[in-house]
Structures are given as structure tokens and as C-alpha cells.
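I've put the structures underneath this note.
In the two complexes below, chain A is the common chain; its partner is chain B in one and chain C in the other.
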Partner chain A sequence: MQLGFIEEDGFQMEYVLTFGPSELACQLLVGLSRSMLLFIVTAGLSLVLGVLRVPNIAHGSLYMIGAFTAFTVSTVVGGAGGFWLSLIVAPLAVALVGLVAERILFCHLYEREHLMLLLFTFALMLILGDLVKIIWGAEYRSVTTASLLQGSFMIFGLPFPRYNLFLLIMGPLVAVALWLFVSKTKIGRISRAAAVDREMVGVLGINVSWVFATAFVIGCLLAGLGGALIAPTVSITLGMDHTIIIEAFLIVTIGGLGNMWGALIGSLIFGITHSFGVMFWPQFAIVFPYVAVVIVLLLRPRGMLKSVW
Partner chain B sequence: MERKTVLRLFAIATIFVAIGFIVCSSCKKAPKIERPIKVGIIDCYSGPPAVYANDALNGFKLALNEINKEGVLGTKIEFTKRDTKFKVDIGLSMAKELVMREKVDLLVGTVNSGVSLAVSDYVKGEKVPFIVWIAKSDRITGAKGHRYVFCTGENTAMIGKAAAVGLVKKPYVKYWIAGDDYEYGHALADGIWNNLKKTKPDVKLIGQSWWKIGEPELTPYITAILAAKPDAVIFCTGGASMTNILKTVKTTGMSEKVPIFIPTATDHAVLKPLGPEGPEGVMGTSDYLFYYPDTPANKTFVKAFKDAYGEPPGFPAFHAYITAHFIAEAFRKAGSLNIEKFIDAMEGLTIDSPVGKVEMRACDHQAVLPEYVGVTKKVPKYNFVIATDIITIPGPETMPTCKEIMKEREK
Partner chain C sequence: MLEVEGIHTFYGLSHILFGVSLRVEQGEVVCLLGRNGAGKTTTMKSIMGLTPPKQGGIRFKGEGIVGKEPYLLARKGISYVPDDRRIFADLSVGENLEIAMRKARVGEGWNKEKVYEIFPALKDIESRRGGCLSGGEQKMLAIARALMGNPELLLLDEPTEGLAPVLVHALEDQIRRLREAGLTVLLAEQNVRSALRLSDRGYIIGNGQIRYQGSIEELKENEEVRKKYLLV
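Then we have the complex of A and B:
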């Protein structure tokens, strides 16, 4: 395929871009790996939205805490062990934060209106953001991954980072684990039922409060895991929370609010349109995922899959 | 009962009015020189840019400690700071608050070019000097410059020219430019490309990509650029994106496949967080390096800074440090706190800095600073990559001439 055109952009640019199937395939893989990371974060958000009906804006902050915790663990322990340990400790630490927040704050608020919850979680995002600044400071942080995952290998004659391959493996693993949780465990089944009809589950004599707590903690666990997984590829800074939360909400909206598989489909749409946008029209790549969102919402206003709301 | 309250209120009010009179009359009587010189700092102390703002603040404090030991015109320099949160409207209202309520003599700041330009526009009307110390848009002292705005750091025009000087000797023809989609990124790209095209007309720009600030996933951009097979790539990024791009360059092995030029990449605020994992072989520029030039003056400054704050100074600290010395020297030269005299004194003022003499150019109020073009490399002395093979390009060579500046301003 060949794209050629000349643009007058103050630059007199001659833009001739050539790419064949191997470049396209490589770009698809890069987009898929980004989708997997987005899926891990948005699956947690979607779970909380579906079961608890809480639009948790602080989900991005939990993801940021996960990244900072991963930084602390991997620098304190050091080496490859530090990285692998951070993938376990960071999600657990974030889950603990989530458990405390749920038991002290959220559990009193489930019956409130959505607008109240929105304001509350927004406030929580600001508080957690400041807490991160107090604990870790404003400097940029960076995590080194295990040497096994460093560098790149050649695929279709193009370099592909090993770490992105690792993300391509982690995504499906998390998806399978979540599927097992919601369809095979008792608490998973109850939380699915609670997502459809909360009152009925309560009437059946099930302690809904603990079902909610479990779902919330798992949601936080996923946010923390997402943070720990992205840590080695970016600079860990304040403001990570804002970047991810907007994308995450868009993804759960196009996927269908509260539907976990919707989150997967939404992430795939978002990640892949982004990476192909970068390839076909690099100057305006930023808008591609958002254009995709608009198209999806025009065609299916309630999202790709059935929304539980 | 009610009457009593009224009386009591009346008495309190009288006392307040009386105190007000006493305070006012005393401040009228006092000679001006007995009050401290008040500097208002506006900068971004929250979010990712805080790392630069805090570095600058430390440099400023260090300089003030030195200056206030001997004093300026028998008084001291004090400062008040406000957080702009990287937003133009907040920055502007903070500047107004400092000028109107805190009655500062002059303003300094900030890391954000947009905020700097907005505040510069405001101080022009208020006739309050404003010294920009980190923001790098060349419009601050170029097209949008005026009598009340100064800049003590490099700008995109200088970086562009330095980059062009560095790149013109290389054999590359097909370039790709990518960067952060905001004022700084585009200004930098324009600066580099216009200069490069002027000095070497056969260069070709085969494509550009622009991502939003803070974009976490840059791998698709890199793979797309590699697919286009340019001879060299120029990245115009700043702040957190700088770390992101350097990490992605490393993981994709890009620096081994295609030459990369990243303005300001050799600053250690960028390279240090990456530790030994920073990519080698990346060309970059900087207008201050704590390890170069290896002169006694620079060593003394670095040691004092390290003792006080535990880290070597970055370029913002250096800019803020010379800013404080410019302020002190200008007031000494002016002999009073009169603002117009202060500005006259600033024009053409030369001070001693850690890297030698620095002049404040009279025509455009831009500090004349050298640019260092270098290549990143691992050295045993530091646990992070640093710039090596440094070429120094003296200030006057990288700056647009006074004639060019005046032409820009007339437009």
C-alpha cells in the first residue's frame, strides 16, 4: 500500500509513506498489547460499575497508587525479583486501600444518587492524588523490568518490544481468571445476580454488603495490577490518574456500562484504532479513538454489549 | 442590652480605624528602602511539572541566601510563591493577586509557556517586570516581547539553531518529526526545522506525528516511524513525555536502528530517573549541565546546591539562580527600588554565573546563554547516562539577531 500527498503546513512536507502487510501486522500487535492493559484497568472499573453501580472516578488514582507501589517494591527489592514481586504486592496493596475505603466510606453510600457518588469519588480522586504527592513526592519515577522482558525481538522484520508480548499474555490470563470468578465461584454468581437485580438478591437473604465489598476489592486489585504493569513502560508521575480515567470511562461506555466483556471489546476498539491511526495519519492520531467512540455511540447508543444499568 | 452591643461594636470599630490610621501614617513616613524587595513566584507546584518548578525554587533560594548575607541597597530580597497548577487562567489570577494584593515589586516563573505569555501580556499593562525562568517559547522575548518581560533561560529559537548546528554536519536527508501536541512541542519543531532547512536546503521532512501531553503508550508511534524508514528522527517533547519517549526508544531498540535527536534530552532531570537503563547514543541539547564545563565556579555552585538539597542542580535551578543574581545586581546598579530604573539597569547587565559571564541582551531582554550539544552515554562515574562529546555553541551564535527580533515584533 502506498499513501502519498504533499502538505503545505508551513513545512512544505513531502509525505510518502509506504508500508506492507508486515508493518500492519506489527502495528496490530502493538495496538493489541495496549488494549490488554486498558482491559485490565477497565475490567475493574466495569465490575464496580456493574455490581455496585458506583462510577468510581478514583479508579485512576488506584491505578496510580499501583504504579507508585510497584516503583517502591522494585527499587527496595531490586533486580528481576523486585519486578515480579511488585506485580503481586502492588495489586494487593491497592486492594487493601480499596477494602478500607469500601468498609469506611463506600458502604454507606450505595443508596445515594449517582451524582452524589460521582462527586464523592471525584473528591476521593483529589485526596488520593495529594496523598501520593505527600508519600512519593513530585519527581518522575521509573521502574526497570526483569531483564527477560527488556529489549525487543524481530517479528515480521520489525522490532517488537518483549514487554508488549508479556502484556499480550497477561491480558487473556486476567480475562480467563475473571471469567472463572464470575461464572464458577459462588460469590461471582451472586455478584452477577446483584448486578442485574440488587433487591432480589437481598430478598433471598444473601448478605449483599460483603458481595459488594468483594467486587470492589477485586476492582481495585485490577486497577493496581494495571498500574504495576504499566510502570516499567512509562515515567511514573502525578497526573497518570487523569490520563487513564478518561479513556477508561470512554471504554466502559462504548462497551456497555458494567459489562465486563464490553470492557474487553471497548479496549480492543480503543487500542487498535489508536495504533492504526498513528500509522495512517500520524498528525491527527489523537482523535482516532475518540472518533471511534462517537461512531459506536451513534450506532449503538447503549454500548456494544448489553448494559446492566 | 441592645444599646450596649451597639456601643461595644462602635468602640471596636473606632479602635480598628485608629489602628489603621497609625499603620498607614507610619508606612507613609518610612523611607522606601527600609522595606524588603518582594518577588512573587508563580509556577506549577502540583502535578508532573512540579519537578522542574521545585528545582528552580531551590536554585532561587540558594541564590537568595548568598545575596541576603550582604543585602541589596541595605535591605533583603523576599519571595512569595503561588501554584499555577499548569493552567493559564489560574496562573494569570495568581499573578494578579500577587501584584494587586501582595504588592510584589516583580514577578518570576514559570514552567508553562502559555502561562508565561498570558502573564507577560498582563504585566505589560501593569508595568511590573516579569522574568521567565523555565518556559522555552521563543515568542516570550521574540514576537511577544516588550519592556517588562525578561527571560533567563534558553528558548526554542536558540535550541532550534543549536540543533541545526549539530545536525547540519550529519549526512541525514529524510527526517521525521514527532512530539507533544502543544505550544512547546510545535515551537521547538518549527525552530529546528526552519534553521535546518535554511542551512541545508536538501533536507526532507517525510512525516510528523503528534501525541497528546502525557500519552503513556508511545510504542505504536515508534513502530510506525520505523516503518517509514527515515534517516533520522527528531522528538520535540518535554516533561514526563521525555522520560516516556526515552524508555520507548530503549525498549524498541530504536536508537540502534536510526539516529535520534531530542532537544533538552541530556538534562539530568530527564536522564536520572531512568538510571543505568537510559538509552545511549541519543543526541540532545541542554543549556546547563552540572558536570560541564568543569570549572571551579560551576563546581562551587554544584557543591553548594548538593549540600543544601541533596541533588545536583538541573537547568531550572541554574536559571533561577542567575535570575536572583540578575535581580540583585540590577537593583544595586539602579540604586533605588524604582521599577523603570530597575529595567534600565537590567538591559545589558552582565553577571558572573557558574558557567561564566552571562549578559542580559538589551534589545530583547533575553539572557545570552551557551548551548551544549552532546550524545548520551554510560560512564562509570554516575549511575545514569550523561551527555558526552559535548560541543559548546556560544550564546550569540544561537540567538536571532536584534534586527530579526524587531522585525518579528513589528508583524
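Then we have the complex of A and C:
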């Protein structure tokens, strides 16, 4: 893609000189890879929303903890091994945080109204944010990925970052794993049933409490994985929890609350509109996904796919 | 097998059951008759632990069960088929059955194949989503699902409600077969004729109190009680 600049009334404006099919395709791939990252985070949020009916605002904090943990692991271990290990350790560490939070706090609150749950998870977000500040400090951190995933390769005659290709592989892998979980395992099926009628699940002799714990831990695992995967692409810092949670809630809303495939569609809309926004109108790129959200909600107020709410 | 002794149950502040007592012996089919709003469903839910009574006692196989979580009662051998069926709409017929599967405490117990022998119609729609079933199919699935938990006591809440007469007869045959298989059943019904055909004994409930109890013959003969509490 070539950019040109013009002077107009003293403002410098950039405009795109050429974008042929290969530029468009390349930018689409960039958008898709961002969508995959968003999907991994929002699928976790959506699972918790769907099965537990908890709008977990602290989901972004768990993602941030995942990113910081990935930083620590990859720095301490170092090298390619450190990066790969961080992809395993960070989600597990976040899942552990989730398990403790669920068993000590969340499990007493499921019967409360949604406003209480919102306030509670909001408070949890503030607490976790401060904990991260105490443990890791307020400096910017960065993670170096494995050398295998560094640099670019040529596609459609244009350079494309290898790490984005890695994300393009990870997204579908997570989607397939989640699909297998909810449709092929007994606990996944029970989760789907509990999402609709938790009391009846109990009547069948199933301890719903542990079903909820499992779903919550898997949601946290995905938040942690998302944090670990984004770590090499951004500056890891306090505040990344706020940014992601707003995007994540918008995505699950336009997808259909609690619907995992809705989270995928929402992520695709969000990621791709952002990436084409960058291409066509870089100064306003951030606006594009939000305009898309507004359009989707005007046309389908309850989201693209069926919501369990 | 089941003894309910003077239970008082509330929904929030409203007092629904006023000292309901009833007994079900091993191997019996006992019906609980009453009009809409008489307290049949609340009695069932109280036994299952969904609306625990504030006063009174419930014993299952001699053990007090008031205040126990429903999932624990299910594991002890009580299954509840709610009047509104509560099929999991997003799950297929087969999945509805599979998640309810529990190992039998004694013997081989029920499994999907055996349940399909009782309800052959379900086998043909095994992969259909629960939300796409007709009312009759949902009733059958609700009972089949309850059987998968290998209960000793089955609480059946209005199984014939809203069913065509042909289906009512079919369902009666199936309930009889369950009884032959050794199941104890407490049957809540508005459909007096159907309930009288199935049961050994009966209770009549009205405004949250047991108004009458007796054998099926006594119930059939006692015109006055039936007129007063059942409108037949």
C-alpha cells in the first residue's frame, strides 16, 4: 500500500494512493488475525455470560494478568522456550486465579441480580488492577516472541508478519477445542443445559456448582491465553484491562450474549472493520468498529445470533 | 418409602401448603388430585427440595431430607418430572438423556436403549433439538430423562396435561410398565379418570391442605368429595 500526502488549509492529510487486490487481501488477513485474538478473549467472556449469567467485568483484568505472567515467564526463562512456556503457564496461572475467585467469591453470588454482579465484578477489576500494580509495577513491559515467529514472510507480493499467521492458526484451534468441549463432552452439554435452566440440571442429580466452576475456569483460561498471545504485539501495561473489556463486551453484545459463535462473528466484525479503517482512514481507524457496532445493534438489537439471555 | 409430615411451604410471603401429610409405600402408585392452584406442584417441589418447607418433615427411606439440595436428593433416588417439562431446548433428545444418566445403585438400571424400549417414538427423533418437539414428545422425553437417573421414587407432575386422549392412553400404558419395573410413583393429576386408572391410593388436596385420602375404590364412590374438590 502506498500513501501520499496533501496539504489542505494547513492540515496535512494522508490518503491512499493505491490499493490493489493484494493490499486488500493482506489487510484482510491482518484484520482476521486481530479478530482471532479478540475471539479467544471474548469466547471466554461469552462462556461465563452464557453458563453462569455473570457479566464479568474483571475478565479484562484476567487477560492483563495473563499478559504480565507471560512477561515474567518469558523473561525469567528467556529465549524461544520462555515464550512457548509462557503460552502454557499464563493461561494456567489465570485459571488458578479464576478458580480461587469462583470458589471463594462468585459461587455465593449467582442468585443475585445482575446489577449486584456488575458492581461486584467491577470492584474485582479494581482490586486485580491494583494487585497487578503491586506485583509488576506501572512500567511498560514487553515480551519477545520465539525467533520462529519473528519477522515477515511474503504473501501476495507483500510482507506479512509471521506472528499474525500464528494468531490465524491459534484462533481456529481454540474455536475447534471449544466446540468439542461444549458439544462432545458431558460437562459441556451440562453447561449448555445449565445456561438455560440451572435448577432442572440440579434436579437431575448434577451438582451445578462444579459445572459453573468448570465453565468459569475455562473462561479464565481463555482470558489468560488471550493475554499471553497479545503480549508480544503490544506494550504490556496497566490499563490494558479497560481497553479490552470495553471491546469484549461490545463484541459479545453484537454477537448475541452468551453465544460462542456470536463472539466469533462479533470479533470478525470488530477486527476486520478496524483493519480496513486503518487502511482507508488511519486517523479515524478506531471509530470504524464502533460504527459497525452501532449499525449491527440498530439492525439486530439482540445481536447477530441467538442470545441465551 | 416416602413420608411427608405436616409440611408448611411458602413462596416468599404467601403461605401455600398448610400441614400437608402423605405417605407412599414401596411399589405403590399414589395419586395427588386437586384443581389448579390447589398445591400439587408445590407439594412435589417441596419433596424435591426446590421449595423447601419451613415447617414439618419429609423422610425418604427413613432419612430426613428437608433442606437437602435437589441434586443430593436425585442421587438418593428421587426423580422429578415437572409439569412444564423443562426440556433443555438447545440439546438434542439424545443429549437430554445422556446428561441425566446416573449409575444405578442396584442392578443394571436404565440406559438409553432401555428407555427407548418404553418410549420408541423418542428413538426416531434422537437427534432433534429439544426445543423442536411437540408437547407429547416433550412429556415422554421428560419422563425418559427422569428414568435415566435410575430413581426409586418418581414424582410425576401432571404427565397427561395438554395431551390428546390417544396419547394419554399410551402414556398410561408406559407408566404401568414403569410400575411393573418396580418403580414407586407419586402422581399429581387434574385428570382424575386417568389418575384413578393408574393408582393404588389417592389423596385430594385443596387450598394447600389434604382434604381426603383413601383407596381408589373409596375415591370412585365418594361422589361428594369429588364434586367439592375436583369439579367432576
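Here, the second predicted complex is superposed on the first by the 295 of 309 C-alpha atoms of A that agree within 3 Å, B and C clash if a C-alpha of one lies under 4 Å from a C-alpha of the other, contacts with A are read in each partner's own complex, and residues count from 1 in each chain.
Following the convention adopted for this analysis, a contact is a pair of C-beta atoms (placed from the backbone, for glycine too) under 8 Å apart; a residue touches a chain by one contact, two chains touch by 3 or more.
Model, not experiment: these values are computed from the prediction.
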Combined model on chain A where chain B meets chain C, clash or fit: fit
First (chain B), second (chain C), both or neither touched by A:Val30: first
Touched partner set for A:Arg189, first chain B, second chain C, both or neither: second
Vertex chain A, arms to chain B and chain C (CA centres, degrees, nearest 10): 140
Touching partner for A:Tyr163 - first (chain B), second (chain C), both, neither: first
Touched partner set for A:Trp179, first chain B, second chain C, both or neither: neither
Chain B versus chain C as contact partner of A:Gln150, first or second or both or neither: first
Which superposed partner A:Ala285 touches (first chain B, second chain C, both, neither): first
Partner chain(s) touched by A:Lys133 [first = chain B, second = chain C, both, neither]: first
Chain B versus chain C - smallest C-alpha distance in the overlay, whole Å: 36
Chain B partner contacts - residues on chain A that touch it in the complex: 9-19, 23, 26-27, 30-31, 33-34, 37, 133, 138-142, 144, 150-152, 158-164, 230, 232-235, 237-240, 243-244, 274-275, 278-279, 282-283, 285-286
Footprint of chain A on chain C - complex, ascending: 48, 50, 69-71, 74-75, 79-80, 82, 86, 88-91, 95-96, 98-100, 102, 145, 149
Residues of chain A that touch chain C when the two form their complex: 186, 189-190, 192-193, 195-197, 199-208, 308
Residues of chain B defined as touching chain A within the complex: 45-48, 50-51, 54, 178, 181, 190, 193, 204-212, 214-217, 219-221, 223-228, 240, 242-244, 247-248, 251-254, 257, 269, 273-275, 277
